[in-house]
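In what follows, chain A forms one complex with chain B and a second complex with chain C.
Let's look at the complex of A and B:
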């Protein structure tokens, strides 16, 4: 069991190394944007003021509050120090709300939308891929082209199509939001119904765009495994097909779990854009708001949350894979 | 004469290619193996040895198809039986198979013992796992395999160990006939010896009642089996005891095969072995006359067009050639 502990520790170490790099990039990238958010706020605050000295004073006040007057490296260390206290700064655009409070109200929506949707899409994709591999013939011929087609449509593109068809033309789904705009979030049945109603379009958009790619991967893995020597051997010993298929799909699933871990980041990124299109009250919409107003703290905060979420998922899946696949286990534990 | 364990009468099977062409891979093969005896099948690659093994098991799936002939195992005919029935009642219990590529014959993500549970449960669904384990441990011990192999994954075993494990797993239900398709061809000499020793033990202890051993290594056949038959292009060209075939081959093809063995002794270094030019004929369009005629150094015009009869001689020997025995012996003596 010493090997197992070493394996887990190694994964956790990598988790932290990646996290540090991510924090740095999350900090630096939004700040490279060529605009001055403090000037934007100042002009908003100083509306109607004609006294240049007063405007200058307001500008300097905000500069001090946001810390933009200090050199960027100093800003970074202040940022990290605050981060360790759970303080992600104050939003520029939604001043004086703190980024932490904005995100804490948004993250629930994102997780509740993306996690089930990705998992459902992943399971359905693997299921269809496995069936396509096992049945071949007609099923495969219809299913594969559709999968290839759908897997190449990005989530945001598909979101627009869904929106036009179901919300605009057919009018059976709302065009935007996470719940009816005239409601205040509470736990009444009416509110929950409204949430579920608004949930459908974004949810199915993500599910459908996830299915295609997963199905293609699972299909080829399954075909490979179905032709493996152990399948023939098991059959020649009289083991029933039902059992053999179980071996095959278990083995074909293992790379799919790794695949899920690898594509998690891309998927969530793409899905965030879909969130924006549906104006879903999640982190995607907040990132969009942040980018349009050069709101560094909000962008950094949002991307940091997403990064941490993806990192945790990836590390978990890696660990799971290492523990359930004896081949990975052997390779990892020996070294 | 012992009890006949397996008798095959004029068995014909074919492959159907993608373009719906028939390839007659096993063409009128007959043989029988008595209790406690073993039969070797020799021949170069592509002459139908492995196909014969698959055909004899009675479990046909595309592209291999049964055409005609009879397979009788211990008095019961299995030819024409439904594949699912064969799988349930014949494979594993009556006939067991050791595949050519035993390296990958075990599911990489399954412990050996779990696979054994599945094998036994396929035929005795109610047998408790505890009993199966006991049985397996006892059998492994008798075959000089370490017991802890049972709790390992196949990736953790060495090549030779894997092969011996496969043999033990195949014969766990004490089948009447064991078909070994080149069980030792991928192993080094030491592992080969262990494998052969194990197969002998299985026979001596009565865990298998008869054996068909397929290989291209003739010296091995001479050491392991009682009888040998030589296969060429889907047909049996000669049959006899191991000693007769190795030291006194009749058919020109057998003669050529035996001539290609190098016995390491003084002066053999740098010696050129007689090689038979050409390859076996394409069985989509088998030659009208003798199938070996195109490569046979003694062939005449007649050989190419006349059907070749099977000639029996001596004690249960046979060969398939137009020429008489004396004529052939005479020709060989001039070499």
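Let's look at the complex of A and C:
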């Protein structure tokens, strides 16, 4: 049990180290650029203004707001101090709402959409992949090319296709939003029904795009395991096929969990763009809104929130993986 | 080497992927030779012209005609005139006039027309219709009645008096051969929201996107290969540091870093090449990881140790004893990097952070334009579907090649 505690502590330590690096990157990247962000913002805000004194005042205001007149280390500490207070600045485009309040309402939508969808896609993908590996002939020949092709349609492209087929042509799903536009979020049955109605299309889009890649991975894993020596030995011993298959898939499944942890970051990034296509009220749409309106605080806040979200999910998956797979735990102690 | 390549072409997956990919390359490079001109030229004035064969009306009027008597010509003519708007208006009129429409199939043009002919009477006054609406129905009725019956003439303006002079009557059975018409343009995929030829633009965009993928993939593979080699072969503290960086960048989404850098750069500085470079610099982690683990497993093999004992230099050991063994993995990683680079560009462009919009089209920019001008809402499938299909086809072919190589290099996966 001591080993397990050490493993968990190590993972949590990693979490915090990565978090600090992520916050630092989020802070430093825009400031490293040759262009001065304050000047960029000022030039966008001051479009059409001819009064140079006013432009100067706008520039100074934002310079103070971002603190770019101070040395970079001091700026970083101010940034971290504000973050710890939950202060990510004020949104330009949705003034006077704070970025923290915009994102705290958006993050729930994103998690409620992506987490179940990725998990369902992962389970279905693993199931199909395992079946394809076990049956081979026929099923495999049809299923594999299809899943390879589908997994190569980008999530946003698939979102557009789903939207056109089900919302525009068949009219069995709404075209945009997370709930009916004339409703105010509350806990009535009617509202929940509307949310579920809007939930389907984005959900299935993510599920289907996740299935393909997972199925391919699981198939190769399973084939690899099915050819392993322990399987042959078990068969010689006369152990029932069903029982052997159970072991095989258990073993093939474990790397798939690690794989999920590793590809979480890429997947969520792609799904955020799909979210934007459906105008789903999550982080993806907020980033898009931020970019189109040059709302710098909103973009910076969104990217930080996504990073933290991915970090938490990856760490959780790593922990689960370590607890159920003795091999991973052993590998962790070696290094 | 020769043998490996021959073996590759025995893998059906690889061959299919290769054929698709080469086919696309041929299309990309041959089409502009036969159809020169800038892909960004706006030939259409309106937005989203449908795919099809466009024949100059002016030239076809002046062309020589043949008389063909086709039995269903009249039917086709009247069917073509009933627009969605008119249909809705007619059904609305039925409702106001109290006509029984329970058995009417609203999408059946012939049935709607028949019911209209049977019931409409311009002199009948119906409550709840404005004067303008009444006039509209009268005009609609006339248009329907005259449809296919009105006589059309070609007239020219007399140079002296300015009067219109009849030149010829247009016969309903007159047909022109498209070969005789001077100006015929086939828009296989219609035009986009700017009035650009979609097919030409799509092929140019595929070329740019492939270039972006190639640059991004090369940069990512180079960085990943070098870091992986150093980290795996040298080991020790260097390995620890590189591994630390790799672990961090595995969990911090490269998507986020891409957004931050692209946004800070500003639109004017983002050429296609710059975007490709940014993508390359943010996506090396996977390659570095797999190269590192391969190198670690090779590091203590006998032939490497023998080289070390013989006093060969580090570079020589890496180039002759390690690289040849991991080359297949590197090539496979490179292929996957190309397709993920194309995808990354498309995602960035969708968010409005893609390359400058004025210079070259990319697949992502085309998607983004189609989305901005809501092509998917107004039924202009040709503006987005071919783009999605092209992206999918490129990465499908690359992935198939990758799978095929995997099967050749990892015998355990072979069928």
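In this section, the second predicted complex is superposed on the first by the 281 of 335 C-alpha atoms of A that agree within 3 Å, B and C clash if a C-alpha of one lies under 4 Å from a C-alpha of the other, contacts with A are read in each partner's own complex, and residues count from 1 in each chain.
Simple rule for what comes next: a residue touches a chain if its C-beta (ideal position, glycine included) is under 8 Å from a C-beta of that chain, and two chains touch if they have at least 3 such contacts.
These figures come from a predicted structure and were not determined experimentally.
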| query | Just from the overlay, do chain B and chain C fit on chain A, or is there a clash? | reply | fit
| Given the touch rule stated above, what does A:160 touch, chain B (first), chain C (second), both, or neither? | second
| query | Given the superposition on chain A, what is the angle at the CA centre of chain A with arms to the CA centres of chain B and chain C, as a multiple of 10 degrees? | reply | 90
| request: Report for A:247: first if it touches chain B alone, second if chain C alone, otherwise both or neither. | output: first
| query | Which partner does A:152 contact after superposing on A: first (chain B), second (chain C), both, neither? | reply | second
| message | Taking the superposition on A as described, I'd like to know which of chain B and chain C A:181 touches: first, second, both or neither. | response | neither
| task | Using the superposition described at the top, determine whether chain B or chain C touches more residues of chain A. | result | C
| field | Touched partner set for A:325, first chain B, second chain C, both or neither | value | first
| message | According to the stated criteria, A:235 is in contact with first (chain B), second (chain C), both, or neither; which is it? | response | first
| task | Rounded to the nearest Å, state the minimum C-alpha distance from chain B to chain C in the superposed three-chain model. | result | 10
| query | Can you list the chain A residues touching chain C in their complex? | reply | 14, 17-18, 21-22, 25-26, 29-30, 32-33, 35, 37, 40, 136, 148-149, 151-154, 156-158, 160-161, 163-164, 168, 175, 216, 220, 223-224, 227, 262, 264-266, 268-270, 272-273, 276-277, 287-288, 291-292, 296, 299-300, 303, 306-307, 310-311, 314-315
| Interface residues, chain B side, partner chain A - complex | 57, 59, 87-88, 90-93, 96-97, 99, 101, 103-110, 115, 118-119, 122-123, 153, 155-156, 166, 169-170
| message | Considering only the defined contacts, which chain A positions touch chain B in the complex? | response | 228-230, 232-240, 243, 247, 250-251, 254, 324-327, 330
| request: Over in the complex, which chain C residues touch chain A? Could you list them? | output: 247-248, 250-257, 259-261, 263-266, 269, 339-340, 343, 346-347, 350-353, 367, 371, 376-377, 379, 381, 384-385, 387-388, 391-393, 395-396, 399-400, 403, 406, 412-413, 415
